[in-house]
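Both complexes shown next keep subunit A, but they swap its partner, so subunit B is in the first and subunit C is in the second.
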Partner chain A sequence: MGRERVKLEAALLLAPLLLFIATSFVAPIAAMLWRGVSDMEVPRAFPRTLAALADWDGRNLPGDQVFAALADELVAARAAGTLNAAAGRLNSDTPGLRTVVFTTARRLARGVEGSPRAAILAADPAWGEVETWGALRRAGATPTDTHLLAALDLRRSADGTITSVPEEQRVFRAVALRTVWIGLLVTLLCLVLGYPLAAALVFVPRRLFGLLLFAVLLPFWTSLIVRTAAWMVLLAREGIINQAFLALGLVVEPVQMLFTRTAVLVAMVHILLPFMVLPLYAVMRQIPRAQLRAAASLGAGPVAQLVRVWLPQTLPGVGAGALMVFIQAIGFYVTPALIGGGADQMLPYFIGFYATQTVNWGLAAALSILLLVGTLLILALFGRFLSLAQFRAA
Partner chain B sequence: MSAIGRLLWMVVAAATALFLVAPLLVVVPLSFSSSSFLEFPPPGLSLRWYEALWQSPFWRQAGVNTLIIGAAATAIASALGTLAAIGLWLAPLPGRPAIFGLILSPMIVPVIITAVALTFAFSPLGLAASHWGLILAHAALGAPFVVVTVLATLSGFDRALLRAASACGAGPITTFRRVLLPLVLPGVVSGAVFAFATSLDETVVVLFLGGPEQRTLPRQMFAGLKDTIELTILAAATVLIAASTVLLVVARLLAARSARLASAALR
Partner chain C sequence: MMRQTLALVAAAVTSALSSASTARDLTIVSWGGAYQDAQRQVYFQPFTQATGIRIVEDSWDGGIGVLRTRAGAGNQTWDLVQVESEELLLGCDEGLFEKIDWQRIGGKDHYIPQAVHECGVGAILYNVVLAWDRNRLQATPTWSDFFDVHRFPGKRGLRRGVKLTLEIALLADGVPRDQVYALLRTEAGVERAFRKLDTIKPHIVWWQAGAQPPQMLGAGEVTMTTAYNGRITNANRAEGRNFGIQWRDSLFTIDSWVIMKGSPNRDAAYRFLDFAKDPLRQASLLALIPYGGTARGANEGLSADLLAVSPSNPENLNVSLMIDDVFWMDHLDRLSQRFNAWLAR
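Right, the complex of A and B next:
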């Protein structure tokens, strides 16, 4: 067989899977993320108005031909049924615009007297403000940064400057911070609990080893939903822990544990702990025990053996475990949704919320971009650090 | 290490191990409780919650759906994943890191993004709220596991085996069937076990992409947990724990077997 022929065969064997993943996974994700930087609703309803607005200066009211196009298209969109989606999109940019659009369209549908400009201005005075036209142009631009800015609690005013939204409307910066904070806490707790357990796996006698490994692998293989259910049973008001507390006389009435941040952290640490223990164990197993004896014979005390000989060599495992725990933690949906309260929901919850409850695809997509870019960035940064660390260890 | 430090370490490790298994050890006995409440320890034992599970049309449908979607997704993931792994092993292709990135992408992308994106893309195609939509989604999520395990199995073998087979007069089909397939089979099966476990575990995509007709066990559990916690849910959870345990044992046995085969081949 020639070299080229083998390459061709290899490519043919790979093709079905690559094609499958490209069409049924990558393409849908790309199409969704595209919604985060584009808008469909307003261009569908007002194509000619947007074209006419293209060379508007943004400081004075637009010219007569823009008013004329808008008057035509408001009436046409109302008849075609595309007005609702466009009005909703404009309203999410500037609250109140939905009413403005509907009122104007209704009045114009009854007949336009005089110039379109006069008719539109008479229908709703909001059209006499530059901000309204700015909102219309923003909602029609592709690519647009509107959704991405909204996902960071920012917005663009009519003159194009970026400003923060008013304090009481800010949501997503707090959500992003909370996501990272919960991710870091879970990672730290997994490290603190997982490190001694992984070390125990290396040093326990063979008899106990099987039992310990089973304790790590059984939850690892058990459904996430089953483990979440187990924690709900333990933490509920009538749950096992409250029963025990009451029976022992530690409390006089049941403690609210479910729907708290602590409950979310406990359940997430439980679910992600094996992802910390297993890479740590894999790295620790490779460290020759003789090194510790050699260090001891050279006069190193127990602390020096641990800190100067053992610990540095386990760092690649710490990095790998922390990376796996953190990137999974910031993508958690089911556990916080069931065990957390409103103040414990992270980015994934809001992606789901905007995709289904309010059907604001642009915002859902922009939040997805945020989460995905964050995940890939951490992977890129720490992936490199990891391979370097492993290289040094080798 | 000093005695106190050693003691402390062992106590922390033992407590952590207990923390890992305790929730599951509570769920299993409770599912056999004769009481309707979360009394622990249960006042008496009975199979009434398993009976309730078996007699509920919703749970039965969920069980059937879980098996159908899991089996079909595993079949697709195993077939495509095995071929791709053999392709990767056969020859170094240009753009190998990019190919790996593409194949592993379903493991990396947060599953909520996958769920929302597939719902958005599959709806106009009529694949949302259909078994096929979920099968395709779960196949994509499971395929990376198959590629990784089969590739790991193959890494122990020399490509000269294929030349030897063709020198002995075997055509490509015979070589595949008689030489390659027996070699990779443990990897394929353990990859399939991973893919099936992924489908069995998957909740988020089912919640968003599935309709009422695609209720699976995880989805049915999610819906139940949002309500009041009935002990039927714990019976279903115990069934899933049993399934996971079986899959875990199969995976461990296969790992041991393929390690033996690889070391035999190296000798």
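Right, the complex of A and C next:
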């Protein structure tokens, strides 16, 4: 009885937070991800046409009842304002269909003379091609794998087999690999720079400790955009670093640093370093110094003390830090966009691109799914590694 | 007595409400900021002084969705809206705007032909131009020089995106303006544009916001860049820069006035458009903000300084190419994909 009540009280105390998370976090994300496996635009505009197309053979032009349904629904959708979204969806499948749909709807709105079939075929010859109807049917299925396949540079051809898209259209596989590669590089650099720094925080005298901790935390409190912009000023062609190099005679003409992969790595490491240092420091602080002295008294040299006593006990910190840095790194958007070149953009840039530039939300959602699933997989992997490390440390 | 008073009050309230809904002031919606400030000075305030018709101003950031919602709302609260060329096409297709009765605003021949549309009256004209810093580069470069990094070493600024990038590549490759879009509609044309871009790919700096190009030129980050003509002229005027504008083979677009369908102030809207068509009035906008007027003769009598920065000055306009929005609405998806793949290689 008493326990039940405690549980209930705890649930009630948590309720506002859970409600907030559900409405402001879980629901919008789920709705967005759902778009990656659904197509809503065309079914909303042409529900009856799609129903009539269901038993179409896919080889000859569809029957009269399909034409009749489409004629009605083109005019209705134009009046209801749902035509643009549907036309845009069809156009991202087959370029030019937007114009075909609108031209046809405009002509039909002036009045249909004769049979709907004749009127539609007269309005635009594209309706006489089987592929146009194939595009319509493809865009009408929910759930659909169209967007997910596109996010992996694949597409389903008319007979249902999955093939790679043509060479010059392939982009996302390379981008996904690049995203992971940049994430790994940043994590490694943060570890190489952060590990000695965290150790120094443990061993330096009290006065220096305050200063060092302040130096680690200061960038942590500054906005990401401001730090990125600061790097732009530093790395620019006529920026401070180039001017210093020129003044010192190290180079004869300015070095291109901005808009390169190096610039992206430098800025990302700078921004993410505290996320490596702080977990490392937290773990290192708890390692008893007496253990090192004990090892020394038993004849272990400095290297053996480090490798056999110190290092294994810091592994949980390494795992936690690496995880935090890596997951944040593969989600970076602003920094590569501002100081990277064309070949330095990562998955988040393309999600933003398709969401805002071409308004292809299906593809943007599918890319988000790719990133989310990738992150969860890595999380699961790290999780196993982490618990293993803790086990060993214990 | 009490009942009578109530009835009187009710009648007064009803009539006040109904007159309020029919006599709503003419609501004009534009882009806000420095541009709308200039419009207020040149058009809005003089119009109210001349006609006694009051104007309520609003501003927006564009987007066909906003117009669609407004049109579906029943009680239309916007009358005259300034839209970009793409919204003009989409909204006209969807029947969101009134068809323009050109006889009421001076006839089609009063305007330059590019400003005349079924649903819209061109308001301003502006360009994407080749810009460079005269203090660093004593030449008048063209697009073919833009692609010649041997003669003119240094980085090149281009807007990140496929739109306009392909046009510029073809223009640089010697394709005449009037054949650019016909060629881009073919696979061979797209291929040719990408091959041309290949030649300077490592030298391109991609910008995203319109404020970046003047900044990059000023910092010496790029030798030449694409830029909005207004940004370049403003940098020269406000920051004392000495940037050059190449009008030859630049690309222009037009923002238009549209009358929202079902507007109760249609007559007032037409009176405003009739007022705004005056070439002299349009010319006076240019001194405040460098966007070109759309009436024929809007550039007559301008000083040489203003003529040099006016997008609709015939000397500039006749060597420019109008951006083909229909082409881009049809092909943006596919070509963006290809551009992104090209960029990633």
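In the analysis below, the second predicted complex is superposed on the first by the 310 of 394 C-alpha atoms of A that agree within 3 Å, B and C clash if a C-alpha of one lies under 4 Å from a C-alpha of the other, contacts with A are read in each partner's own complex, and residues count from 1 in each chain.
Note that a residue touches a chain if its C-beta (ideal position, glycine included) is under 8 Å from a C-beta of that chain, and two chains touch if they have at least 3 such contacts.
These numbers come from a predicted model, not from an experiment.
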item: Which of subunit B and subunit C A:Gln286 touches, first, second, both or neither; value: neither
item: Comparison of subunit B and subunit C by subunit A residues contacted; value: B
item: Partner chain in contact with A:Thr228 - subunit B first, subunit C second, else both or neither; value: first
item: Which superposed partner A:Thr142 touches (first subunit B, second subunit C, both, neither); value: neither
item: Which of subunit B and subunit C A:Thr262 touches, first, second, both or neither; value: neither
item: Subunit B versus subunit C as contact partner of A:Leu197, first or second or both or neither; value: first
item: Which superposed partner A:Asn360 touches (first subunit B, second subunit C, both, neither); value: second
item: First (subunit B), second (subunit C), both or neither touched by A:Ala10; value: first
item: Contacts of A:Ala236 with subunit B and subunit C, given as first, second, both or neither; value: both
item: Which of subunit B and subunit C A:Ile351 touches, first, second, both or neither; value: first
item: Overlap of subunit C and subunit B interfaces on subunit A (superposed complexes); value: 236, 238
item: Residue numbers on subunit B that touch subunit A, as the complex places them; value: 1-2, 5, 9-10, 12-14, 16-21, 23-24, 26-27, 30, 37-40, 76, 80-81, 83-84, 86-88, 90-91, 93, 99, 102-103, 105-106, 108-122, 136-137, 139-140, 143, 147, 163, 166, 197, 200-201, 203-204, 208, 218, 221-222, 225-226, 229, 233-234, 237, 240-241, 244-245, 247-248, 252
item: Touch list for subunit C against partner subunit A, complex; value: 64, 68, 71-72, 90, 93-95, 155, 160-161, 194, 201, 204-206, 208, 219-221, 326, 329-334, 336-338, 340-345
item: Subunit A residues within the subunit B interface of the complex; value: 1, 3, 6-7, 9-14, 16-18, 20-22, 24-29, 31-33, 35, 193-194, 196-197, 199-200, 212, 215-219, 221-234, 236, 238-240, 243, 270, 273-274, 302, 305-306, 327, 330-331, 333-334, 338, 348, 351-352, 355-356, 361, 364, 368, 371-372, 375-376, 379
item: Residues of subunit A defined as touching subunit C within the complex; value: 78-79, 81, 83-84, 91-92, 95-96, 98-99, 102, 105-106, 168-171, 174-175, 178, 236-238, 256, 258-259, 337, 341-343, 345, 350, 353, 357-358, 360
